[in-house]
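Mind having a look at this structure? Questions to follow.
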């Protein structure tokens, strides 16, 4: 089990959601999960909080791929289309720019459907290298 | 059961998280939940996704308190302090300004602790009135 | 003079800054300006406000390229690198997704230098179609 | 001339816009400027870029009031109402939370009018302490 997958397995929330880390290379991370009934909102679509969780997590993994142990300072998310149950969510995050302590990352969240993947949310955020404890 | 509480009860994700709607008046909504072990990340703190879920939901309820049935267009979240398990999260969202179709709202997310509530995240977002289906 | 260039010429602030619209096609807009001494901050770099102005304007033009007469609802901007005077700023904005009234757009702001263009800021925002006056 | 005012005087863009620093105390900064014809957009209102400039600058001063020499990492701005010429813009920024190197700040931008100040934009951003050069 590689570093990123091990880290994901240590997140109880990600274990609960059944999230998997599909890509984790320098400058890029992809996470996915299968939509379940307990992830929905009142209109039968995926709750925005699940999209936000997946985007936030993918942004942190993308930033961490170049910075090492990291945390999300902040992010911004636009919802584009509702995601229906019975499908899979996939978050693709990339590093747009980075320095020694910070990385700016973007993330697109897709839901798969009968005619291919559809973009349902897009995010941009700031990831910061965790400081060593002294 | 009032309108807002009924709506929350129709969100399977909110039922799963045990979220309660504590305040729902024109221009303001407060949500809270008790932190559970399955809400954590790898360092033992509440996963940012839970804070994002609660902030997103509170923003939508605040906007909905003046616009009626609504959805979150986008939001931005800054993390300030990690939230520890065994405590309660409380999100306080208010309408900063609104027109006939849009509202701009803010939300502070607090975690209670031995010396009182501590701000752990703050958000700002755009809520839009849902369009009637024709 | 095409529609977009005509519109830019009606913005006194853009005339003052000497902004030009270099690309304006469905889903994409590019604006540029030459950095002048009165655009700087205290360390001799371009003031963040100029980068924000250019990103905001490019986002609106990109959204307007698919929605028609539009306005910026909100945007978020990350600064990546300082931009030095004596160079040219170029903002490249694209539509990430759009419906009948809203578009989500991204914008990268580059500064040219001895070894090519360098990304100095990146933005994401929501553009809304202007409502017809009745 | 105090520290903050001296710093503003070293920003050529702020000198050009005629910005003044009205309040600069720990945790709070207020900037204002008089709206001029060269600050407008095509509909005769203040260009969003001027509101963004003022918000960005006020956020940085607020953060700097607790961190010392600082820079804006990122910010997010919602436009609420158009601002008309012949009036004064006032940006009020406060620190929401801060640590040793970062501060999260909010800023409201008001335009004065016949019936008092009106909120025309609101922002939230991350300010970071500038690193000493070695």
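In order of appearance the chains are A, B, C and D, and numbering begins at 1 in each one.
The rule is short, and it goes like this: a residue touches a chain if its C-beta (ideal position, glycine included) is under 8 Å from a C-beta of that chain, and two chains touch if they have at least 3 such contacts.
Fair warning: this is a prediction, and the values are worked out from it, not measured in the lab.
When the C-beta pairs in contact are tallied for A-B and for B-C, the bigger tally goes to A-B. In this assembly, D is the chain whose CA centroid lies farthest from the centroid of chain A. Our note on geometry: chain A versus chain B, Cα centroid distance of 20 Å, whole angstroms.
Rounded to a whole number, the gap between the C-alpha centres of chain B and chain D is 28 angstrom. Averaging Cα coordinates per chain places chain B and chain C 32 Å apart.
Residue positions of chain D touching 2 or more other chains, listed in rising order: 73-74, 76, 78, 104, 126. Considering their complex, residues 76, 78, 80-81, 96-97, 104, 106, 108, 119, 122-124, 126 of chain A touch chain C.
Per the touch definition, chain A reaches chain B in the complex via residues 7, 10-16, 37-42, 47-50, 52-54, 56-57, 60, 71-79.
Note for the complex: chain A touches chain D at residues 73-74, 76, 102, 104, 126.
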